[in-house]
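Pasting a structure below so you can have a look.
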């Protein structure tokens, strides 16, 4: 089969032949991939930065935001059938540790992530545990199915605790930040503030439901939030950028007793004024990883079924997988939202 | 001053002269009433039913859903000024018991309700503790200000725990049920089912945001919900009618592990299949009284400020207080939503 | 193999030969039973009461509180080995429904309970899904291992929400009630009130950690609790009896805003004063079924490892399985706590 | 009256005459102080370090951990009487802001702390709002009454979320850490790990209920915790030291999905590996300030009434207030637990 591969320990990716997956064993499923969406993580792997060098062992097929159709089911798999369109939870967990057995599988210490710790799904086929499948409703475009993993990050962060009637500050309008704007707005947030330094992204943020756009290159987000909230601050901060400056803004802009949910990954340690910003303010900080397995997926299905959010403004590029280099180029320029590759065209 | 009074232990109400309130003492405020909204409780008092006979001691001014302007402030009251438009939390609490001191004042055992346990606010003036005042934003119509108490019941019930991505069954489309439909929809509920036996109320329910209308005189709500949820049932049930049949429907329609929130007051004991409907299903039942003091009020302000809900379809009658009998008549016929009396016309 | 069997649709049980289980398939385990503890449910089956007649299809092996050693593992089972002593979660769940996939498997609508909906474990062997195994630490007596299922009911009910610093009323001192007294006390409850009509059970309750014993045949539990709590009432009520009178006492004795957790199964509908006892008091009622899979099991392990509770006073009879009739007789007289049958003697 | 005063902007404290408080106004109470306990904050003020210089405006009476008897009540104060022994919540809050009105008064932005932002209670008398009084049960020693403020910090941190059945790591065995050991143990923690570099403090920790003592000068707390928890880590970390090294240990030792509760105040920014230690692990961090008003106080009362904890090992020095210098010297040497000054001897 054809696959997008990190072939060697160096920048770049190659489209090349890879062995077809073996037939699915007990509890497994073989998927014919139809679409894959490029994640920020894939960018790191493409660039071959320090993180990628420490984690990825080439040659490896990349890609974890994927959707396709079931072509074969292993022994004992119930509830699915051939031809069913599915998305895939990319965290393969052990299923036996205390975290897996108590509803916290998304942070299983033995977790492997497809496309990172094992071969991924930017290929014609992938074999995964059937427990990681997620049925896609008829009527959901395959591009939307492909980005369920990223959409799930946004749902996990935004709905961790209720936002109804609350002011929400979204720091960073990459795809996950943009999706969070829509989710927060559709979930009754009083006001959604969105920051970015890119005006085009702020345009999309407004289309997604942000009430207040803040160009962080020109305005001070802390000041804007304080002025708009009678000096109280934001109830909930969603940190989606990983930028140290944004993290500091989030800690300064959140109200006493508020919540900061961290999803963006800073590359280095960040100095934090624990006494002033966390203890004296009595705030809570949550680290957000992956998607609750599978509460988050049911939430996604509910919002999509009911039409409560429209994710399409986030998808800026639809390309055949042969144009993968174009996709990475668009992302590298910082102007793209989501780039979806088609493997079935 | 003029007031609407339960003058004697018999059906009916009278408009009559009542003594002006004494000047406000330390921590008190005197309000000039501009609007009052008739509650179901007021109907019971008007009819002089068994409950009213057991609780009300005539002569007494009735009315607790009120709004008006501050005309005088007692010693030590800070943060308010004359002329400020306010609504009033109708639960006067002791402030010193364990419940009051731990954020549960709305169920203070020594609570007195204005218009029930002491003189109410269907009058030209009322004196209340300043801690029970709630500032009304400029731009909020006085009729909406007057029904904050009822709107707060709906917020308390609907937002007790998050409804985002959940199916919500609202049993009974009186004013509080109707308001709950709007709140649930604006807070991201996947689907709002609304039941009533009155088609006009179901019409309003749809305008308020209900996704599925169920005429309980013709359809079985349990069956409708089951069919629409792949036999799982509703995640959250809001029981707003007090009708034993609706309570049974709620218990049958809620999914395993779901929540039933009871607000409607049944007149008599209701036989409950505790084993089948509560224990084997592992559900949770919440009794809902009043409004969280004052979380609920901040939620109301947030939704109203942001324009997330429109309560106006619920207000069907606007009358001068001299027409109070017309208001009660409309309510008695079951066709009215909220009847708001004006005291400032 | 030998097994204790409901052989025909009539009262009583028989020890008789049953077919050995087939070898374990993929994901299954074969257990050699060493001990089984008799549950109240087994009593219903023994008596052949209305509930048993409606649910049990003879011939069927009974028993679900069991422990033994692994003798064979099916394909793909990891993390276990032959000879490992295990207890068994008796709820066999589908693993695929929304409840199973969101951490609520204990109320899976397709659940089968061993010994009720399928052959049970009062036998020399049983075959179960490996996911239902629970490793027993060395040093835990096999009788204690056998009653993990019941102990888990007590943990589920008692630790649903924190009891530290709270007053807890345990209604009914059968084995689960007694175990709950110990768990509540060890978890920092301010005061544990225990009711029963049997003085010997109240003696055990005191040994288990109850602070206040209430003989419900002579004292009014509501009055005792009110007097001891400055008229406030109990913070948490654990209803372990299923008796309508106790349920009423629990609703009356719980404080405004408190919690009633229902585990005991009433045989018939119970009339409830929903307005007076639930809504005006703003209380919460929880139906408790089974054990959280597997949070509850980890809690049990933690308490047993740390020696925070001693369950031995609850075990009053240790018998070879051949004496099963003696065991049921002792339970029928209401004087026994837990009766544990040994299958390995 | 006599008072302990930061007289000038320089190190040290003076016992000197101060004006008697004015008579209590409406809602106020005058207390005759009997005992005061020295807090770490008082040490900073005594030393006149950078923090003290930035916050304290001499001349000012210090001290906020206090207890005494009511000698006079202002107008409108109900529920108290002269002679009643009380402790005092040291956070004076506005009562009107959104935080105060929603059960989060302990982080009111307008809060003033007695002995820091206004005159304190190391004096013969203090006047405080009656809403800040806390009645002390007969039988509670006045020294214990005096340290309710510190004990409340420990309760707030330890019981924020349940610890029953959980492993708890207490970093730093100053008085609040020591008290937390006792509270965690009495609340059903599976295992309490306690770290310090002072063997005498670790001795007291064991007396307070710590299961595992860790001398952080000789052992690696992270390694000890990992080895004792099958490499999983601690469920809950209570950071009581403010030392950057301990904070790092806490983040490393907490399990995926666990909680770190920060109470100790670091003097400077601390570099945090947000991605590795918070986001990938999916943990939660809570800033802990003061005491929940007044949930924490009810918890204290419950534990003390029931005798679930014994705080006496923490009190190492009992001195007349004239010996205040001896008390600070003992604390400066790092060998003292709590030093309680008597003002009534």
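As written, the chain order gives the labels A, B, C and D, with residue 1 at the start of each chain.
The working rule: a residue touches a chain if its C-beta (ideal position, glycine included) is under 8 Å from a C-beta of that chain, and two chains touch if they have at least 3 such contacts.
Model, not experiment: these values are computed from the prediction.
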item: Chain C and chain A - chains in contact with each; value: B, D
item: Winner on C-beta contact pairs when B-C is weighed against A-B; value: B-C
item: Distance between chain centroids, defined by C-alpha means - chain A, chain B (Å); value: 41
item: Touching two or more other chains - residues of chain A; value: 98, 298
item: Touch-based graph of the chains, sorted into line, ring, star, complete or other; value: complete
item: Touching residues (chain side chain C, partner chain D) in the complex; value: 159, 161-167, 183, 186-191, 211, 298-299, 302-303, 305-306, 308
item: Chain C residues within the chain B interface of the complex; value: 97-99, 104, 106-109, 231-232, 242, 247, 255-257, 262-263, 265-267, 269-275, 278-289
item: For the chain D and chain B complex, residues of the former touching the latter; value: 26-27, 75-76, 78-79, 96, 98, 101-103, 292-295, 297-298
